[in-house]
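Next, two complexes with subunit A in common: one pairs it with subunit B, the other with subunit C.
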Partner chain A sequence: MGLKDFLLKPKFFVYLGIFILLMFMPKVLPIYQLMLLESGITFAIMSLGFNLLLRYTGLLSFGHGALFAVGAYSVGMMGEYFPEMYRIEILIPVALFASFVVSTIFGFICVRHTRVFFSILALALSMVLFALLVKLYNITGGSDGIHIELPMMFGKSYEGVKRFEFLSGAYYFVLICVFAASTIIMLGIVNSPFGKTLQSIRDNEVRAEMIGIRIRRYRLYAFILSGLFTGLGGAMWSFVNGHVTPEIAEWVFSGEIVYMTLLGGFMVFEGPIIGAILFTYLKLYAVSFTQYWMFLIGATLITLVLLLPEGIAGGFVKLVTKIRRTPSTGVA
Partner chain B sequence: MENWVIYVLNGLYFASFLFLTSLGLSIILGVMGILNLAHGSLFAIGAFVAAWIVGAFGTNAPITLFIVGLFAALGVSGIVGLALETSLIRPMYQRALEYQLLITFGALLLIEDLIKMVWGGTAYYASKPFTVMGNLGIGDNQYPLYFLFAILTSMAAGLCIWIVMSKTRIGIMLRSISMDREMATAMGIRIGRLNTLAFGMGAALAGLAGALIVPTTPALLGIGMDPLILAFIVVVLGGLGSLKGALIGSFIVGETRSLGIVFFPEIELPLLFLIAVIILVFKPEGLFGR
Partner chain C sequence: MLKVRELIKDFGKVRIINSATFEVNTDEIVSLVGPNGAGKTTLVNLISGHIPPTTGRIEFLGHDITFTSPYRRIKMGVARNFQITNLFADSSVLDNVRICLFSTYGKIKRCFLPANYYGAITQEAVNILDMFGISDKKDLLPPSLSEGDKKILDTSMAFALKSKFLLLDEPTSGVATGDKFKVMDTIISAVKKEKMACMIIEHDMDIVADYTDRVLVLTEGQILADGRPKEIMEQDDVKKILFGVTS
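Moving on, here comes the complex of A and B:
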């Protein structure tokens, strides 16, 4: 599917409609809701990258929190050590570069294995990063983390501006533009010959190798791409949250990434986006509703796995195909 | 010189309960092919049960009570494990890996909060066995006899598992399942029951390990998180479903930790993970894996 075909599809107009709708959100939503939405969108950018591995390459990473942390921490460290370069147009490339380096190292080690060993390996590597972030406290701020100042954006300084004003103003539009760009790029990737190659490896490793695909190398590329999106999500998230702590590198957060992807439905391209935004709300309301929020989250997770394994988007797609098919079979 | 002896002995104590935890994890992963993320929570249940029993009878409780606590922890964790397997994990065997991992992740969240509901958010102290047993003088240093007791207990439990696994009918069937699941089914082995049994056994071992740790550390919420991750490392180091692997692996991790805390405290934990990663890269099946 080329870009031209895509522009003519009805799906494109739905995307466009959602984008325009998002543009008006700061006018409609109260600031608190808007900030939640923003952190949901950053998670959505990350889960796009995560799903490139899970859905399109067939690798389940249980250590993506570390790559998210790389993006977030590179913003924090830049603010700490190079305050004169603390501009968003420098910070984003730096975060991307840092996630490129780290995901190359992680990927190089992880793609030697598949299935559960890939997951354990990714988990172990993410815990290396977590332990380093905690233990090297002179550099990283230890378990206290790093406070994220408001960055300069396109030559404009936001010193003295309150965070919520920043978040509901210019930053929001930057964020949704980044989000839209990542969605379109990811859509391009999964529909490109490269994306098809990944899917062929996922479906039949042996056959893919037989027709001359270097499977390990392609898995590494997929891992790096996935890491770039995850790091970008982390960098964008750090401004929304205003503070980064090592917890995002811990494996529990990586588990939550898997959860949000499956909540939305990982077999549908848009599923992880829906899941990420929904999870943000779900977790926040669970935390404010009861002190036993983990119980609530765990119970919903188990119900989801047992009753709706396709996730919300997957279930929706299934329902739509069922409705569409019923009349046609009736006629025939 | 004597300091060295103490550090190594401390490492042995650390290794002893790690051995039990990772042995359980390894049995579950080997027989059922499921990576049990809720294993740390079963460990925590054991810790809370033992600490609660010892603490409930006040300060003048007899020392034998701790033995009761150990068995109670073993039993409660085992029963929770059995319940977990029959209710949640059984529908998962035919499902994809992501669902298997997520269901145990969900179980972890559930159990962590169940512990909070039952025992509240406070810490439980049970240091009595530790103080009662006294110390053993090694040179100028004192070595707590309780550490020795813990090492011996875990050795005994390991020996029991070894006897079950290598000498009894059930053990032979369990090993055959972990080697070739389909073939074992074809030979008429009832996989369903043995899966439940293996999960219960693994869970009971985790509970026993949790009970053994409470005389030195209070039972707190989230107490099982660290042992879980360390047990992963042990399983990775030692190889899947191998008793010898779990023993050597936990010895390496225990000693690295104990010596690391003394000599290079900053990088002790990253070093452990790095060792695991290096082993996985060069010997993916672990040191003693098949």
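Moving on, here comes the complex of A and C:
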């Protein structure tokens, strides 16, 4: 019943249209633009996970960079220590497992608190991971990071293939399939009874407890799920970037995750996806435009918060409802 | 069914519940009355596990639940509503009830299919709303409801937990006077149909007399009187406390 309803909605056709459009991107976009889009998509996978916590559980994490790094580093370290298993079919589950373990530990500590205390705890833990990644240079390569080789994909070796050929070829299609799957799974999660449970905890934790929900446990589940998506994003990103450094575990990147989500609009499911892709372009063009790019990014954020507090997607939804309402009621 | 023994609750140096002792039997509808500040809501908070008591003992179906978590108590069958409505403000009225049903049926871990896929539960939620007369408002958000409707929604959520013992903290406060009896009719017939025991905090003596089997009078944290509504209201000390009448 639920699935059939969804398949008949116009939204579904929009999704399908975007998916088909994405399929043709390698033919249309120059390679440089395509790589930007790819890293935007990996960020989008991550921000889906981030928004499960922010929008649906009401927890603002300032440490998601660390979970992203776990995904990326598990790919890098697999390449370093288990080169014979360096296949994407193995790497993705390993990255998911690593982010599961780390987010369970992080979550176990963080969900004891909410609001700003939660944010600060997540931030502190991510900085611990950052410090470990820098200091344990024998294992992690320190601040130099780890170079990411091209992995084997479905039995095919890409040795000797140039990275841009790999990225505009098979990998691109794998990436958008992973992205589509994550979007569908996340859409399922947020509308499921489990998703409704998280939202009830966000809305009113006292009442949630009084209808028989163990709130801490469900916050932990949300944190772990969020960590899995973030880790998956990190793993997919590492192939695009070709190199992982500890910077992605630092608070600056965690802040950028929050920024992406705000830019797109966290109140709308699709908001963070739009935000993540847009942010990638925004940042790059700001950097190429001026050396004071951080000023530009900051100015954008201020404008956004003041003029469009619901982000781009939120503003769009508002506009649509306004246009739809105006003719029927006759009131502007 | 429920046995409360010498329950004491101190907030700092103030003793709110002072050695309260009473019982509620199976299938019984009991009302709890008393002046403002007598500790009625605190008593509900203690029984539902919202706050822990200082000393004393609460037994439910023969199990000691004095310090068990609210989660365990709900799974054992103790449900409550809230006097000051406590709803999920950003979820629709339907979802407010539906989440309670998902919790009752242990389906809150299901995370793949959308909530609408669970047609039977959705239908049951609509039925509950229908029973309480607010099913036409199922797609609204709680803040847009009237105070009375919020109250009714709060009660229907407690009802959706399908408990064995239902604690209702002033289910009709805020409801328009003309609708009070209608709401009580709904609640009581539902409670009787499900063979629940029920404890209702109520200020309206007509409701107490009409709907409940037994009255507990609470004053200054102690049970002053316990008996049939008609007899209790004839007692002088009860009259003095509840109505301020001396004869």
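Quick note on the criterion: the second predicted complex is superposed on the first by the 329 of 332 C-alpha atoms of A that agree within 3 Å, B and C clash if a C-alpha of one lies under 4 Å from a C-alpha of the other, contacts with A are read in each partner's own complex, and residues count from 1 in each chain.
In this section, contacts are C-beta pairs under 8 Å (C-beta built on N, C-alpha and C of every residue); 3 or more make two chains touch, one makes a residue touch a chain.
Only a predicted model underlies this, so the values are computations on that prediction, with no experimental measurement involved.
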Partners on subunit A (subunit B, subunit C) - clash or fit:
fit
Touch count on subunit A, higher of subunit B and subunit C
B
Based on the superposed arrangement, let me know which partner A:G195 touches: subunit B (first), subunit C (second), both, or neither?
second
Between subunit B (first) and subunit C (second), which does A:V305 come into contact with in this model arrangement: first, second, both, or neither?
first
Is A:L121 touching the first partner subunit B, the second partner subunit C, both, or neither of them?
first
Between subunit B (first) and subunit C (second), which does A:V174 come into contact with in this model arrangement: first, second, both, or neither?
neither
Contacts for A:L262 in the overlay, against subunit B (first) and subunit C (second): which applies, first, second, both or neither?
first
Check whether A:I18 is in contact with subunit B, with subunit C, with both or with neither, and answer first, second, both or neither.
neither
Per-pair minimum CA distance [subunit C against subunit B, superposed on A] in Å
15
Subunit A contacts subunit B in the complex at 54, 60, 62, 109, 112-113, 115-117, 119-121, 123-125, 127-128, 131-132, 134-136, 251, 255, 258-259, 262, 266, 291-295, 297-299, 301-302, 305-306, 309
Within their complex, subunit C touches subunit A through residues 48, 50, 70-71, 74-75, 79-80, 82, 86-91, 95, 98-100, 102-104, 107-119, 157, 161
Subunit A to subunit C touching residues, read off their complex
1-3, 5-6, 185, 188-189, 191-197, 199-200, 202-204, 206-214, 218, 221, 225
Contact set on subunit B toward subunit A in their complex
29, 33, 35, 37, 88, 91-92, 95, 97-99, 101-103, 105-110, 112-114, 116-117, 229, 232-233, 236, 266-267, 269-270, 273-274, 276-277, 280-281, 284
